[in-house]
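In the two complexes below, subunit A is the common chain; its partner is subunit B in one and subunit C in the other.
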Partner chain A sequence: MNRILTTIRKSKEMNILLVLIVISIIISIFNGSFLTMGNLLDVVKSNIVLAIMSMGMLLVLLTGGIDVSIASVISAVTVVVGQFMVHVSSNIVLVFIVGVLAGSLMGLINGLLIAKLKIPPIVATLGTMSIIFGVVLYLTNGTWITGIPQNFIDFGRVTIGKFNVAGSDQPTGIPIQFLFLVLAAALTWFILKYTVIGRGIYAIGGNKESAERIGINSDNLTLFVYVYEGFLIGLAGVVHTSIMRQVDPNAFIGFELQVIAAVVLGGASVLGGYGSVFGTLVGVSLFCVINNGLILMHIPVYWQKIVVGVVLITSISVDVIQKRMQEKKNVRVDIDENIQRFARTSVSKEVKTQA
Partner chain B sequence: MEQNTQQTVENEKKGLRKLFGKFHLETKELVLLWIFLGIFILMSIISPGRFLSVYNLQSMAYQFPEFGILALSMMVIIVTGGINLSITYSATLASILGAVVMVSMNKAGAPELASVLVGVFIIIVASLVTGAVNGLIVAHIGIVPMLATLGTMTLFEGISLNITKGGAISGFPNMFQWFGNSSIIGIPVPLFIFVLVIIATYFILQRSTFGAKVYMIGCNPTATRFSGINVKKTLFLLYVYSGLLTGLAGLVMASRYNSAKESYGYTYLLQSVSAAVLGGTDISGGFGKVFGTVISVLILQVISSGLNIFGVNRFITDVIMGMILILVLTINFINNKREEKALVTKKIVTA
Partner chain C sequence: MAQNMLLEMHHVSKTFPGVKALQDIQLEIQHGEIHALIGENGAGKSTLIKILSGVYQPDEGAEIFIDGELQKDITPLGSLKHGIAVIYQDFSLFPNLTVAENIAMVSRIGRKTKIINWKETHNIAKNALAKLELELPLGTTLSELSVAKQQLVAIARAFVNDVKLIVMDEPTSALSRGEVESLFSIIRNLKERGISILFISHKLDELFAISDRFTILRDGKYIGTFGEEELDDDRLISLMVGRRIEYKIFDKRTLNDPLFEVHNLNKAGNFKDISFTLNRGEILGITGLVGAGRSELAQAIFGLSPSDTGEILLDGEPLHIESPEQSVAHGISYIPENRLTEGLVLKKSMTDNICLTVLNKISNNRGLIGKEAQHELVDTWIHDLNIKPNLPNMIASKLSGGNQQRIVLSKWLATEPKILIVDEPTNGIDIGAKADIHQLLRDLSEQGMSIIVISSELPEILAIADRVLVMRRGRIAATLDGKNLTQEEIMKEAL
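Up next, the complex of A and B:
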């Protein structure tokens, strides 16, 4: 059984990877500049925030929950961070601490509502979304925060390594923000793969009741998941500010659905218990490559939504249909075994009666 | 002795339930009704000149029907344990398609009545199709409703954007305004449509075998299937009905704003989930009453209009709405806990 599960898991993520590769080839046939270092770096840089947040969302989906408040949380974090830098201090370490604390605090509120008050995740986060966005927009009036201190801007421009890129005179490198994505992905992967917490998260997502029966404290784990998600959103908020060099409280409206779509494209199940860091990264890449590819192929902006919608629906449909076929196969095996067992027992009964 | 008093209390409760059962209002809906009346009276006392004015009451009566219809289209799906994220874009896609035809017919010099009738017909047909697409994906392919409708939501938005190129379509025949801006014997037409939708939804959901099947699916789809009910067909039809309601909402919105645009009513999406949940609909399916949703739509409308009149910042209104949602669910949680405890003690007493 375990073997079957691992092969399915492998094939699922490999399928998405295959789709990613095929789409990349198609795009690069239409437009040669897709596979240039400059373009790929741009794609990475503009989607780091999405990728970091999708790590948090992955954990939430794994427990069978959902979080629609993430867009409001990150816009609150960026506002807090922006105000902190402008009015208090622009020490980079302090800025990161403030951002992460703000994110974790809001995650804690979500977690308490969901784990302790047992409010269904979608409803609880709907409520906090409304509250947090309301407070942020009331306090900022929707105005941008500009005048981010120079040292933070400089920090955002740091690159790792230097190489020349075709079509541009200035040498570029991997943006420093990429490091945080690597950090977030590695940490999430480690937690899921090698800690009791991670195993517990898969367990409550698979079947909450049986997880509780074997002694897993699902309340505390749920709380952890939302706080950890808040922590990652805090990180993403600071990273976003370092990329954009200003704060727009309205920048993230509707972002939550993009994150959920990307994670789901990566094979995570919204019913919980299934999904991986690798798959999520591939899903996020697929999401970004499609968006970038449509621009490079000069397809009007209006078509992008249609393509994303169609890709989302077809990829999940294929997955569901595959799973159903697999299940049918399994059922047949079960029936065969039962018939054989029945035959065996009836034979043995006959033998007994004869004796 | 204790048992006796308990029994009398229970009998009294049963009597009450019988009395209100006649009107199909259960205690939860009754509580909501009291809350609504309380808030309404409170607002009227605080600001009698402005809240209780004919002007304000009328403007509210024009405002909430579109939200109410969308909330019901969300609620019927939530009852099955699903969610329909595509409602607002389904509404606007239908109204945009109708608008395109109506405007071009109007420009071509067709009689007003004909172009309005054709436009409305197309809005209704388009909304049925969007519902059928959702139903096909959810019921027949078997994708989780949240993801399926997330996909169709982006799809409908994309198609709408492709038609409008980001702008709004306007230039309807004057007669089209009737659906959103006129009144029959003092009752605004949108309110009239809303009442019809309430009655239809009530009979479909709570008064028919089809509705009973819907609630059963919400409780346990597998058990429902094994008891010989065609789950796929029921779900499919329900999504088509949900689509039809979005079409009616789209019709009212297009007529009220006298234009069609893909982003109209987007804020209603999550608000309609709130309205359904506040109205006692279980987000995991199986429970929910039409009247509960309707009353909570009224509550939300009265609060937002009232706060608006008092000059409260729009964003603070959002904060208050969110807090109400969480507060109500917290109260539900505490109530459930208390009931559980009462049940346990009752068992002990009887034992």
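Up next, the complex of A and C:
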């Protein structure tokens, strides 16, 4: 049984890829416009922010933690970035620096609460979520920030390559924002696969006590994870603003569940230790394709919420049940099966000297 | 001799808040020696290992020499660097990582370069396994390996650094006999190459089969170090046991009025072939080492995790218990470890505490609590258990320790059990309060209640149990008469 489970676990990412392909085929049978370049580019563009944030969430889940404050953090980042551009400077580099600094700072607060004060991640991030959303609403009164400088809007419209798309007169290309997703995914992949920090994150997710016993500093790694996540959210916030060209402080309410669902769908375990960048990207794609399919098939939007909930509960149930089965299998008492006893050292010594 | 010592620990003490876990311990290990560390539950073995591995810092005044060099502030990493590798009972590995990475992980800690070279990782793992003349699938995820192979991974990990001493905590507890034999041949091989082993186990035959010398601890104190040829089972046991705590020894009764019978109870991975009888008004002690299956047995009888096969008779009638509710309905009550001492709501009154378990009994048909029923119940228990002072509204925290325990006990007794199972009833409380609980249990048994007392503390078992079941590794090793029983007789069966 365990063997089957581990095989499934091992090829979980491949299975999800298979599901992605099957669902894509089904949707395109129902609606011919799904598999057009125009639609796919739209899907990509509208989910870049989700995908970037999912990289950060992957690290958090790997440590066995969770972060429900991410929607409030990205809201705050977009407000900070929007105000900065309107009132201070719209220098693209500066805007990015301000965005990632704001995100990292909020990640640092979460990290300190979780790693140093040892507050359970769900509680700490629920608290910061409420505080950050509150501050954002206090500062903005919930009103949109408009009047984003033209140079930033132009930057957001840059595309790579030019090709014709069916149903549109204008040639289009891959949006510049996609580059930031590639960057975030590549960086996360490199950290997880090729750095001591990344392997340490897997180690503390697999067995925190073992990790500490061999001298891995789990507090510092946890702190790193939340700061890095904040950094990516900062990046995502700027990217989001460049796509939307205005700031809506309420745009992200409920977004944390979508990110968590997409990452979990990609094979990451909420219990920590399992998950990969590749799997997460496939999970995010699957999640987006399902959402897009629902829209194309004219299924009411509230079904999206139901899908998110079902995805979350199903994936987490599988993890929990697997873990429980493994624990059940563990022998609690070493039962004495053989009465035969071992011969004494001195006896074997005597035998040796006689020989 | 002195220059041949790999490790010397002198005057090692460790105080935790309220407890002296270790007092002036010494331990000397020679090069190429297999050294056994032995002691009862709670003798201080784990604490000593944790000091050696740098997890705990000893109290002021400890001297630890490695290769004759005085060590200060041993850290987990420093301990590894000095060639001391601890293989914990749970192996301390990472189930989600590959064999190669599990082995090589220690080599990455504290290094300058922070980038992983996967080729090097594989080579480190390969070399470590080669030193042990072992082969394991390097790319396989650890959780797919058998327990015995996982242990080999844990041993191989010690060989990434230049290891001089391998500490093995209960290394054979999850292995089959064949696997133990191959582990022993590996250990002997290491010894030939001058590597020392500190071996911790409760299995005397295994200890005598592999060890050159023994260091014995008892109650956090150093008893002595002996050569293998100086000891036999009896001598070793008498050195291990012998706590001086004296309790009032109650007269032991011989009863023959079976109330509760257990026949051939089995539960895979928990216990095997368990049969015993509990008489009316008897106190039956169940003892054994931690991990012998005592609590698992109690939980099975109570229905918390029912047994696989076997028969239970109550008053001669077959009993099928699958949940705690059923056993409570049949008059069986189970008080888990620490409940007698921690089960009190300190800021509530005596009345509130006593009524907690029987709210449905004292509430009326609208689900509200009936004041009269409540008073009646509380008065009964204050009278029956002789709780003083007779003030039902007194806040529980203001009562003396003994009376507090009476209140907790009455809470459980309010369900009117015929059979009471108590697991470690006096763990962590002072001697006076312990004696109070012993008296209370004895009084209840004299009123006709049958009681099963599970305890690791041999003097406690000797004080109150009319008969004693000794469990060893999931089986009943012996049923002993409580009259004139000694700690040595029990320990001999428990090991």
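Methods note: the second predicted complex is superposed on the first by the 291 of 355 C-alpha atoms of A that agree within 3 Å, B and C clash if a C-alpha of one lies under 4 Å from a C-alpha of the other, contacts with A are read in each partner's own complex, and residues count from 1 in each chain.
Just so we're on the same page, contacts are C-beta pairs under 8 Å (C-beta built on N, C-alpha and C of every residue); 3 or more make two chains touch, one makes a residue touch a chain.
Not measured: the values here are computed from a predicted model.
Asker: Look at A:28 in the shared chain and tell me whether it touches subunit B only, subunit C only, both, or neither; answer first, second, both or neither.
Answerer: neither
Asker: With both complexes superposed on chain A, which partner does A:309 reach: first (subunit B), second (subunit C), both or neither?
Answerer: In the superposition, A:309 touches subunit B alone.
Asker: If we overlay the two complexes on their shared chain A, which of subunit B and subunit C does A:15 touch? Say first, second, both or neither.
Answerer: A:15: touches no partner chain.
Asker: Is A:291 in contact with subunit B, with subunit C, with both, or with neither (first, second, both, neither)?
Answerer: Neither subunit B nor subunit C is touched by A:291.
Asker: Taking the superposition on A as described, I'd like to know which of subunit B and subunit C A:123 touches: first, second, both or neither.
Answerer: The first partner, subunit B, only.
Asker: In the superposed arrangement, which partner chain does A:194 touch: subunit B (first), subunit C (second), both, or neither?
Answerer: Once the two structures are laid over each other on A, A:194 reaches subunit C alone.
Asker: Touch check for A:90: first (subunit B), second (subunit C), both, or neither?
Answerer: Neither subunit B nor subunit C is touched by A:90.
Asker: Would you tell me which residues of subunit A are touching subunit C in their complex?
Answerer: 2-3, 6, 10, 193-199, 202-203, 205-207, 209-216, 273-274, 326, 330-338, 340-346, 348
Asker: Which positions of subunit A touch subunit B when the two form their complex?
Answerer: 66, 68, 113, 117-120, 122-124, 126-131, 133-135, 137-138, 257, 260-261, 264, 269-271, 300-310, 312-313, 316-317, 320-321, 324
Asker: Using the touch rule from the top, collect the residues of subunit C that touch subunit A in their complex.
Answerer: Of all residues in subunit C, those touching subunit A are 53, 55, 75-77, 80, 86, 88, 90-97, 101, 105-106, 108-111, 114-116, 141, 143-144, 173-174, 176-177, 184, 205-206, 208-212, 228-229, 269-272, 291-293, 296, 472-475.
Asker: Can you list the subunit B residues touching subunit A in their complex?
Answerer: Per the touch definition, subunit B meets subunit A at residues 83, 85, 137, 141-144, 146-148, 150-159, 161-162, 165-166, 270, 273-274, 277, 283-284, 313, 315-323, 325-326, 329-330, 333.
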